[in-house]
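After this come two complexes, each holding chain A, first together with chain B and then together with chain C.
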Partner chain A sequence: MDTNSNPRKHYQRFHVLHRILHIIIIVNFTFLAITGFLLYFSGFGWAGFWVSVMGGAGILGRVHRFCAVFLYMGILTHVSWLFYYKIVLKQKLSGPDSILPGKKDIKDMYQNLRYVFNKGTPPLFDRYSYLQKVDYWAVMLGMQTMGITGLMMWFPEAFTGIFPGYFINIAAHFHFHEAVLAVMYIGLVHMSDTHLVPDIFPMEKTIFTGKIEKKRFMEDHPEEWKRQQMMKD
Partner chain B sequence: MNSKRILSILAGAALLIFMAALNNTPAVAANHPGLKAATLVAEPAPEPLVCINCHRAPNINTNEGVIASRAFCYDCHRKPETKKRVGTNDISLQVTPAMFDKNQPRHRFIACINCHTDVARSPHKTKTGATCLECHNRHSEGTAHAPHLRVSCQACHFKSEFVRLDPKDHRVKLSHTNYDSVPISLSDHSPSDAADENTCKKCHFKKNPVGAPAAVLPSKSALCILCHNSPLAMGAPVFGLAGLIFLAGIFIMLSFWFKGSVKGEETSLHRKISLSSESIWNTVFSKQFFTLIKIFILDIVFQRRILKESVSRWSMHSLIFTAIMLRMGLALFTAIGFYFNPGSEWMTALVDKNYWFTALANDFLGLLILSGIIWAVVKRFIIKPDHVVTEYQDNIALVILGSLVGLGFVLEGARILVTGIPADIAAYSFAGYMVSKVFSFFPFDWASVYPLLWYAHGAVAAVFIAYLPFGKMRHIFNTPLTYFIEAVDGVKNEKRV
Partner chain C sequence: MQTGILRIKAKLQTGWIYPLLTAGYFFLVIAWFSSARAGTGTAPLSTWFVDMNQYTAAAHGSLKCEDCHGPMNSMKAPHPDPGAASFLKTRIKRDFDYQACQKCHKTAYKRFLKGEHAKAAAKEKLSGTPSKTGEAPNCGDCHSAHYSGSHLSRAQIGKQMTETCGACHPEQKRSFLADYHGKAAVNLGYDKAAFCTDCHGAHTTLSLKDKDVALNACRRCHFDATPEFANIIIHDSTKTIALKNETKKSSLKWIHWLGTLSLVFVVIVLVFFYMHTGLLMLRKLHKKLRRHK
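Here is the complex of A and B:
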């Protein structure tokens, strides 16, 4: 999983599948945000203009639902990868390599906060830092809320058979506010956390190339680096 | 200051209440039994005819407007004596609110004039009938494919079982008479269960008056996208089987590719897949991508390597290949465009097989495929040049493809003949129209023959799809891949696969 033809320079961090899934998320998330917000704000002149440029609310709605299904298929692919990882490759889903939140993350968060106020050393991250874990779980859980509330608005006849009618209105509110949250989170936290870090600026390429430089590996994920060296020896 | 203000407000309120009390509105009257009796006893003087009393435009986008508008229609139509005299028969035009709400529960809060758009006028009659497409979209290809574009919504979705072919616009509509020419009433608005196949049988029976095939046929399959606009469904089970065989063939092909070693990895399939996908990723996201694009355009789309070998081979192959690709492009464009914009007139026109552009393009491209196949057959079996070595696999491919396209034209001719499309529309499907003219000399019951032809074409198509990854046609997948690998790894280096 680690070495490539030139082990001294770069290390493999992400499989092709995960890079493809990330690109699927980027593209569909962008389209979903554009079409969704244009539809939500279609009462305003500027949004109305762009809706008409893109072919009308009907088409925008269809594009929105198409992208939603496409994105959710990406999520399902990821979940089936997790099963494959556990059952076929017989790897552990928990442990230090895991994306599951653990005690170390709270410690890291506290240590990082202290470091920001110039007290002590920066935390030594493992394979995923706590912010990366938040990135992952924000999408993973956010997509479930978006999916469920979106389905409720898509098939109100089916859902009002189970729930009272005002659940559709509640779903609409959840859907919009979760969307605002997601776009704000991606636009502000995720972008600045990955791309605007001085060492990395202008662009973090690891998720696109799948490889991480040795220097950055040692600096950003020292615990994982240490473990890999120990495994080799 | 403050007390002055309070006083003035109180005075204003008192004045308002006083004036409101003076204003004897109907609402006030209704709440006072004594007043009501007084007004009801007195015979109201006949009101002068004011235009706006009838010719008004309630806002039917509001519930109030809908109720007001419907009340106006029900004023006459709820009475049993609302009738229309046709010949010697009286046809009831009675529509009661209870009946309508029971039969059309989804349209309970829709004004009559929302659908019957042109009735609110003088003389009180309609030219367009009820319009559905103002609110609803057309079905996609699966439910109602191209020939059903000429069928009005009501013909399927209403319970009345009598249909007719309107000679004026050549559309299938609900008939105002039964098949014994006795006028019938359609005013009950009762819908049919369109998912039930028996509903289809009100047109699809032998000797039907509207030019429908005598049997209910399944929809096209997603596999048909190679040549036709098609739904994202399996259609008949035979297509499902063909699709499964196709997928199995692709799977066998892929597992054969991964049998060898990949970059030194001999055993682990997981490592083989991750190594090869890694190298594909690295190729696509590098400068070599432009080489791949170049090869795709020159060697795959324009078939440069075959052209270098021989012009006649290239022409023959391109006639088949390019025409199929163009038909597939048109079909994909139509399917995707119609999915995203079903209300668009352009997309509806593209779905319509009788629209001049679609008819011309499909007939022309179909003829190109057919001529390419005939050329190949002539070359292999009649001219027999020395360098052409005919294997039995080539013959199988030619037979399947040839009968597929041939049956396609036969089917088109039968369709034009059965549906009786007027010559000025059908002429654009020039080949199919000629076939239909030839067929018209044979006194078969073409409406009964058509389903057989359809199943024949469908069966050959299923065989074609299932055969793709096995025989000669496997070159569709292998050859482009070989070209790409050669370009990336250098000529004749087959390390990766």
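Here is the complex of A and C:
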């Protein structure tokens, strides 16, 4: 029935804006991680060597700040798109298509963990699986902490006008720990869950092309697929 | 007839391996030479005997011995007896009269006399015992009169200074190197960052316990620094520094507590998701392999 009414092989999943924003995040995140960790671990010889190759501490610091601003502008673009989506396009931000966490995600995670131990079937995801939601919110919330703590260290003169001096030191700890979390999460969890999964390996192209194969759509987002078919009928 | 190993050997011997090995050895030799050369730049251990080659190359190389040590007969003292038990056993840096330095370095000497190290020396003289940090230093304890280099860059001087100050203040050195200033300045040679003397003063060696003095030090680079700015902790250490300062003690408690909390959070999140991903991956691999059987 599906194949007759719909001979297409690919479906549109991501808007071009989100694909561009994802690439902006990739590029800036990589540069931020490289420059930040080289500066933090400057005590080791190899880090000092690479910093001198890249132009010294001053340039590296400037690159770090430039990329931070660039990346945060991406976040702001996304937030303004959310407003546009809600106010101008009059679309719903909640509901089954939403990226907001819901009760279903906890159920899905529980079911998935049961499935891992061979007790039951894998959960049927909607438009976003709970892992995709975690990926999204890790960036969204992580960038707020990184942004605030980074600004505190960038403009300590202004922030000590409001907060006690030792808040700058706390910001430095948070900034580093959050950076470790972000890099180790993106590097292992996000990469494996998207690219290394046996059905997808070697690479997930949906976020770059915006298109998803019909087969993968039906397997990975069965609830959304079902809803789309029902709406057509 | 060739065995496997021989065949691999034959493959490796085809040309490119030799230039590569030569280049590698050449690089190693260059590295060894440059490190050996760098080694001669540092001052040797203080002895009674002056290495004239190094002396003439150093900052004071143009001075005659008498310029600092005075003419040999000025003290009207007889030449020490080479057979005596105390011959060449006196402590060089304690016995030399460093007033000779002020002939040329007037400002530095004046500042030194006003500074904390001179105060420590006076205290030491009164009580007769050195402080916990060690004997109060004079010029020669920080500067090598015979071998200190000339025309050094700001970063080179700063790196040496961190070692010099750190010899008596190891905890301060450690915490400075863990701070942004130390990392940029010493580890990366960024000469716009602050070295020890940029905050504490070269010869006055202020302790910066006083808020106003500290704020003045901050404002040398951070022009808009607020009074609270001086409470940002540079030397994150509870061992020797914070003991006398209650505000710093309580701030450090908060910093360490919240820092540990955020670290624990990071570890918990990572452990959870690593286990989740690992298990899920195994399950999916299992399913895939079974399907194709």
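Keep this in mind: the second predicted complex is superposed on the first by the 226 of 233 C-alpha atoms of A that agree within 3 Å, B and C clash if a C-alpha of one lies under 4 Å from a C-alpha of the other, contacts with A are read in each partner's own complex, and residues count from 1 in each chain.
Note that in this section contacts are C-beta pairs under 8 Å (C-beta built on N, C-alpha and C of every residue); 3 or more make two chains touch, one makes a residue touch a chain.
Note that the structure is predicted; figures quoted are calculated from it, not measured.
Superposition of the two complexes onto chain A shows a clash between chain B and chain C. In the superposition on chain A, contact is made by A:19 with chain B only, not with chain C. Between chain B and chain C, it is C that contacts the larger number of residues in chain A. In the superposed pair of complexes, A:184 makes contact with chain C only, with no contact to chain B.
When the two complexes are overlaid on their common chain A, residue A:89 makes contact with chain B while staying clear of chain C. Of the two partner chains placed around the shared chain by superposition, chain B is the only one that A:208 touches, whereas chain C remains out of contact. Look at A:58: by the touch rule set out above, it reaches both chain B and chain C. In the superposed model, A:66 lies in contact with chain B only, and not with chain C.
When the two complexes are overlaid on their common chain A, residue A:233 makes contact with neither chain B nor chain C.
Put simply, of the chain C stretches 96-104, 150-158, 168-176 or 258-266, the part that bumps into chain B is 96-104.
Overlap of the chain B and chain C interfaces on chain A comprises residues 56, 58.
The part of chain A that touches chain C in the complex is made up of residues 39-40, 42-43, 47-48, 51-52, 56-58, 61, 112-113, 115-116, 118, 134, 153, 156-158, 160-161, 163-166, 168-170, 172-174, 177-178, 180-181, 184-185, 188-189, 192-193, 196-199.
Residue ranges of chain A in contact with chain B, taken from their complex: 15-17, 19, 55-56, 58-59, 62-63, 66, 88-89, 208-210. Put simply, chain C touches chain A in their complex at residues 177, 180, 183-184, 187-190, 192-193, 222, 224-226, 228-233, 236, 251-252, 254-255, 258-259, 262-263, 265-266, 269-270, 273-274, 276-277, 279-285, 287-288. Here chain B touches chain A in the complex through residues 137, 270, 274, 277-278, 280-281, 285, 339-341, 343, going by the rule given at the top.
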